[in-house]
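Two complexes follow with subunit A in common, the first pairing it with subunit B and the second with subunit C.
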Partner chain A sequence: MSLEKRPLTLTINDKPVGPIDVPVGMPMIDFLHGYLNLTGTHFGCGQGVCHACTVMELRPDGSATESRTCISDAHFFNGKSIRTIEGHAQRDANGEVRELTPVQQAFIDHFSFQCGYCTAGFVAGATVFIDQLKRKPVKRAELETAIEASLDDHICRCTGYVRYYEAVKSVALATPGCVVD
Partner chain B sequence: MRSHGLLRKILLALLVIIILFALAVFFGLFRTSSVAPGVAQPLSDAQMQELRPRGRELALVGDCFGCHSKPQGPMGAGGLAIGTPFGTLHSTNITPDPTHGIGGYTRADFHRVLRDGIAPGNRNLYPAMPYVFTHLTRPEDIDALYAYFMSLPPIAQANVPNTGAFRLPVRQFMNFWNLLNFPNRQPPDDPQRSAQWLRGGYLVEGLGHCAACHTPQNVMMGTDFSRPLQGGEIDGMRVPDITAATLTQRGFNVDTLSQYLSTGIAPQGTAFAGMYTVVHFSTGAMESGDVEAVATYLLTGPDGKIAAPAAPPAPLPAATAADTPASATTATGDAATATAAATGSGADLTAGRLSYMSACAGCHGANGEGIPNVAPAMKGNSTLAMADPHNLISVVLNGVPTQTFPGGQRMYAMPGFAHLLSDQEIAELATWARAEWGGQAKPVTEAQVGAMPRSRD
Partner chain C sequence: MIGGLSRRGFIKLGTFSGITVMFARLPVAKALEVHSGQHATDWVAPDGKVRYRWDAIRKVTGEKVFARDFRAMDLPGWPKEQAHAFFIKATEVDKTFEGVDLSVLGAGLQPDRLLLHEDLERDGVRVPQPADLGVEFYGKDFLTPKGATPPMYGQPVALLIYHDFDRFVMAKRQLRFAKDVVRYGKVTGLEPPPNYGAARYVRIGGASPADPPEFSPMQDAVIWGNFDGDSAVWPPADPQGMFVPRSVQPKHRGGGAAPDAAKVAQETYEPMRRGMAAADAIAKDIEAARSNPGKLVLRRQGFSQSIDPCAMEPDNGNAWYDATTRTLHILVAAQSPYEVARVAADMVRGNTRFPVETIELLSGTTVGYGSKDHSIFPFYTIAACFYGDGRPVRMANDRYEQFQLGMKRHSIEMDLTLVADRKSGRFEILKGLYTLNGGGRANFSFSVAQVAATGAQSIYYFPKSDLAGVALASAAVEAGSMRGYGTIQAMSITELLVDEAAAELGIDPIELRLRNAMRPGDPNTQGAVPLGDPRNVEMLRRAAAHPLWVQRDKAKAAYDAANPGRRYGVGFAQVQKDYGTGADTSALLLEFDAEGKITMRHCVQEIGTGATTAQQVMVQRVLGKVPDVALFGETEFEQLPLVSNWEPFTITQEEQDELQKNPFWVPFILPAMSASNSVYFIGFGTRQAAQFLLEHAVWPAARAIWSEGPAGGQMASGNVQLSDLRAVPGGIGGGGMSPIPFERIAKKAHEMGLVTGVALHCFSRWEWAQAEFDIPGTGRRTLPVDALAVRYGDGAPAELKRRMTTGGYDYIKRSGVRFPPAQRNNAGVTTYTPAACLVELNVNTFTGEVEIMSHHSLLDTGTVVVPELVSGQQQGGVAMGIGHALMEELPLYADGPGDGTWNFNRYTLPRGKNVAVWTQTAEYLDPLTEGAPPKGLAEVVMIPVVAATGSAITHAIGKRFYRLPFTPDKIQQALADESNAAPPGYDAKPTDKASTTPAPAATGSRAAMRPGTESVA
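Our next item is the complex of A and B:
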């Protein structure tokens, strides 16, 4: 029995991908790993629970949401635009990282992660959260609750939550327009 | 002129009679009490103590705490909002607090509440309290419930006032409602049937008040007892038909239905929406003997027999034909084409299957097998087999929050797809899934999806 394949076209890290024939039923994370060698997105539970495999989905209206790549088929992203962990930092012409995003830098400054397996998902989740704050700021007193509510689904087995949350808090406080008094 | 005068007198007399009759109803003159004699005498401490365990089990059967507690709130302290077209009712404190709860109720008061729907002070209860069903409870069981509730920790939490029309002095108008909607029902007592069936019937028709949700309502929001357990509607969801014929059609037998009631999880799917709280507070905590009795009663047909469960519906030919277009040329081609016409075009089904594969299969499985403790199986799922696709569409649009079930089981949150798939895609997806696993050929239309309520934005 041969695999049923269908053409897939999408945008990944601002670059067009496809059309390329991809099997129906192939999870997005396998497509990223196997077809594009984008291995920074980590496969965790495979059941949509741990959120390690989360990437950003960039909506046509400019907003962003989180998407889990282990439970969604590659074809679920047909015609869409996503950002994987490889597409966050600014790079030079040779592809070398020139500057990390404020979220990435804050995670390093706060020693947020230990083994790092969940980090790609946390970067996606925190970046989406900061983007949402810019659109809809929260009161300073409610910031910590908002961070918890937003990143609650992301599991870190090294239990580095506090340092992740502190890093996100520092980015929110340092980014104009995220927090109101 | 004289005949006109006579007519006027007759009309006037009729009017007076009608008004007198209405006043009589209003003041409860037609309200006969069904409270057993002898309950004026209080129970002794020893009796109260002995009755408690039985009362606890009956309180679980009645799902009393499901409505008389707020989520995360203290058990039995009331305050849960119950929306009606006329305003919001709030469940009351049923802990034995003397000021805010039922601490001041005598044994006779308590009997009157459960048998007649009348609280102390001659106050009519609103039928949100299922006294139409608790009415069937035997006096000795009401005593047991009384003993149990009086043993709960009293909680000094004030009742929340009702809103809307219920702020007005309208309680007594329930006497009219009762006259039309509160028949003097008795527990099933067919001597030919087993003790288990009789026990199940007593619980289902009485305290368990299954029919309060699973039976259609009449225009007065009363239970239509002429269509028992044929399915209803509550909180924007279609409540499934649970007649014996339908349950066996869905593949239930006593084992699997008991498993569903005790754990919330069965091959036919997992409890969600209102039934999830019923499993949580009631059926999941009941004694296994009572659960099996309920399952036995529900599955027993009018002939007194439990029919063999039906096999899960085979994929409709249209669904198969859409998978492999070549099969349209086989001997079954004509039938397949005919069903394809009834189900919607093959192209729609192909699109629906691809949407399922890309958006759903990651958790629910390429073959609808699901993942234990993460996502329920779609193959054999009774929600897909309902003639009305309402609940299926609602879940696809709005998702289901993470659920925990008895025995440490769980199902992980399903996201709503209202913003991830178009109405057209959801319609195609639902059409295909129903044809593939539910035996339902009727296509779901884009307009049907568009008309559905959405939980956010």
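Our next item is the complex of A and C:
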């Protein structure tokens, strides 16, 4: 079996990447790790079950969706735009973190993670969720259920989820337009 | 310092009373937690309130934190090219291994190196065999020799190394489920290692708990057993014949050259014989109780299943062998990097093909719940890197591989008998046999078996007990040290049994517990008295008053009526878990410069619990600010050139008395990292260091500052003492004095030439060692530490500065020391934390599914250092316990994870919806006094929820379950089984479906536990 390679071009964290020749069939997470040294997106299962490897796919219409990089080939993202965990916080010219996103800030304020291995996926999932709420808010009485529905697929083994979910709830309540009476 | 190794080579300490103490030449090994260096201090407010974890920003922004995140190019000094390696593993265990066939890969995807056992053997690359960890702790061979039978499912047989990343990724994928890659030969039957050990703890108490016992493990002896097939056999009461135990490795984790079994048998022959006579007497008491209508005798078989810890970060490592400088560079994901360093040195010592003179070990943040503690994985990484042809070699399990090779929690078959007095409800006898399946590599299996047996008593006092822990070897994937360590299994069954006893006796389950809970001063089943007030009674009373408990029957009636097809239940359990090992240590260096910059170098390693945050908060609580520079994961302190003989558990009093004359000698040097030891044991050193600087630098400097000015300053007319000092935001105050910023204190302390830095080491064998130190300029001090070095401030006189020759510090040779007596090793554990849980759930009688509606946890935390970290441990622990109770399980053999097909699609982990994420609550008992020490709790928090869930299911549907997990299948069958009413007292059959392992035959024969078709050789 020889390696068939094809050029891959995409946008990552608002920057153009490629064209780079990448083997057909290489999972996106291996491309992120092995080619770009973007190791903040973590490998959990390789089956798309745990969602640790989730990045945000940014659609042309401005919406965002979760995308699992362990079960999608790198070439699946050809022409697409994604945000990895490294691209959420605002950084200065030296790459130092200047400002966290509301989701990131809530996660650290609420002590939401312990080892931190699943955190990149949760940041992606929670950010997509808040983005969806802004487009389609939920009633206050349904907020908890909506959080569960959105994040239930994300596995965490350390925390028991309580602080992650509470952090997301606090962001939803603090972000205008997400929750209606 | 590791083993007193030095560039001088062998160190012979000398001969002391006929004991020769030598230290082999080992390469110098150093370790440092990656990325722990300078850091912003925004995470903690000046008043000491922790805003977020010290490592939070790095983790939430995707910076490299885990060892797994790093590649060769990221590591200073390493070559840029990264090679990758992975294993081919055996999935058949009853045939010889003959080779591998990689033709499925085609020409383009062949590895750059293919290693088999014979290659490693030829080059002297062998599994380390540290003497103090017991026989073949890490197994026998890295790879199975040609013609030999793999000892277990998932045993690596070949190692493939790729220089090119693309080919590595595609080859691994190609091989993952490929058939016929491993070539097998003739059928031999199963060939696992010999069984690991059997130990028995028998106690017959005196007339009251406070009276000396007739027999107890601590007073008399632990009874060591051997095996007949897979049945444990014990020393016969017959005074003829010498009985030699299989293993006498004591239960505490590591540390202690395996005592010679025959020698121990000879020395303790007589007490062991008496112990067996006591066990006999207990058996007769049980028989007598059966025919006594005034007694309740309950005997049940229980089972706890094989579990994968499922740390989200799979095992991984990266290593580079630099032949030119003879340096081995290793990056590991390990809970105890110190342990890896010393065993790595042992592994490479004397290798002529790959000579190593220096080891540089880097450790990253990791997570393991025990599975990355004393794991073989780092040593596989080292073995691989020798074949990197100058390139660093990275090994990183995917999840299939992690299930296949990663350490499991022991499955345990349990046989438990409880005797109680019907009238008083008082427990009289507990007898238990705990048979653990340790899989094909020893690890701590025997230790876990011992802890399971000694933890089985849960929170109760038993006048008589006979508890045996048996660790079997098998062809299953390795089971080892894992969160809970035998007690989650044993205590869960005990708690379920206590609930059944309550029903039989007609006593409220919590009331029954109250009557039998250990009181302060009550000895445990080994005969040791736990430290302090166990607070079991207080916790039980609080639980009894909780609305969930008080209203459970009423709530059930209402819920069941309103929800046809569903049944409501509430269950309760309370346990206590030991923390500490009996050889607990801590080491750190804490200093400040004249500008007030505080630097801390600490042995603690971050495993997710936030220990690195908490240790810094401990400093702030005393000195008023957190360290400006904090380095963690340190394994070598030049300021503490300590030596040890590494045998804290088996050392004799005579040996200790001799060795301690060397002022550099300590019983053990650095700790392994588990969540249950960081806040109390490791934190003890931190608190001592901060307190030392407070007393010897901060206080004199503050006094001097407060005395400045005419007539002795603001202090003169008062009586401010050291004990009045308080940390205030950014500095020190107290006694009504104006607060002084730490920077000013630092400057003054340096001007005054006071001690401005301290490095210390401490050791506990269930009590802290104490020593005297004559500190120039300060005087004689008695401290609960066994080694001390100090740094004098800039203004110190020249003759003091001249003394600072040990890593820039003055090592103060202790002038006297009192190590805890060796005999305390028999004490068993003496530090416990209690925990309880109430679970509210409903059972869907159609599907058998359990929905946890809420749960309430009770915890005795002692003084809390960082509340958010404690609650995080508690929330996470309960979730893990729910997984154990309801949904996680692994087959042990042919269809088990060793075949490489298991992943999260088959192994169900709890999600948010399974853990009552919004409705759960918890309460902590207030510390008994201000300044009560903090308690280690990260294991205990996961235990009571298991039995509480089982009892809640029983409350819901009236059926009892003793085999975990409580799956919908088992519940449905129990509901369907008409004859399955909760049986009365004697020898009832198991009430639910067989577990995934065949239950062992009465003699526990190996054939019954194994899948093999041939007779075992």
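We adopt the following convention: the second predicted complex is superposed on the first by the 177 of 181 C-alpha atoms of A that agree within 3 Å, B and C clash if a C-alpha of one lies under 4 Å from a C-alpha of the other, contacts with A are read in each partner's own complex, and residues count from 1 in each chain.
Basically, a residue touches a chain if its C-beta (ideal position, glycine included) is under 8 Å from a C-beta of that chain, and two chains touch if they have at least 3 such contacts.
All values reported here derive from a predicted model rather than from experimental measurement.
Chemist: Contact-wise, after the overlay, does A:S72 reach subunit B, subunit C, both or neither (first, second, both, neither)?
Modeler: Touch status of A:S72: first partner only.
Chemist: Name the contact category of A:Q47: first (subunit B only), second (subunit C only), both, or neither.
Modeler: both
Chemist: After the superposition on A, what does A:R6 contact: first (subunit B), second (subunit C), both or neither?
Modeler: A:R6: touches subunit B, not subunit C.
Chemist: Which partner, subunit B or subunit C, is in contact with more residues of subunit A?
Modeler: If we count touched residues of subunit A for both partners, the winner is C.
Chemist: Identify the partner contact of A:T84: answer first if only subunit B is touched, second if only subunit C is, both if each is, neither if none is.
Modeler: Touch status of A:T84: second partner only.
Chemist: Taking the superposition as given, does A:G25 touch the first partner, subunit B, the second, subunit C, both, or neither?
Modeler: Touch partners of A:G25: subunit B and subunit C.
Chemist: Overlap the subunit B and subunit C contact sets on subunit A and report the shared residues.
Modeler: Residues 25, 27, 47, 49, which sit in both footprints.
Chemist: Can you tell me which positions in subunit A touch subunit C when the two form their complex?
Modeler: 1-3, 5, 23, 25-27, 30, 33-35, 37-47, 49-50, 52, 84-86, 88-89, 97, 100, 104, 107-111, 113-120, 123, 144, 148, 151-153, 155-165
Chemist: Name, in rising order, each residue of subunit B that touches subunit A in their complex.
Modeler: Contact set of subunit B toward subunit A: 354, 357-359, 361-363, 366, 371, 374-375, 412.
Chemist: Which residues of subunit C touch subunit A in their complex?
Modeler: Counting only subunit C, the residues touching subunit A are 51-53, 55-57, 59-66, 68-71, 73-74, 105-106, 108-109, 165-167, 169-170, 173-174, 309-314, 365-367, 369, 396, 398-400, 607-610, 868-869, 871-873, 875-880, 903-905, 909, 911-913, 915, 917-918, 920.
Chemist: Looking at the complex, which residues from subunit A come into contact with subunit B?
Modeler: Answer in residue numbers: 6, 24-25, 27, 47-49, 70-76, 78.
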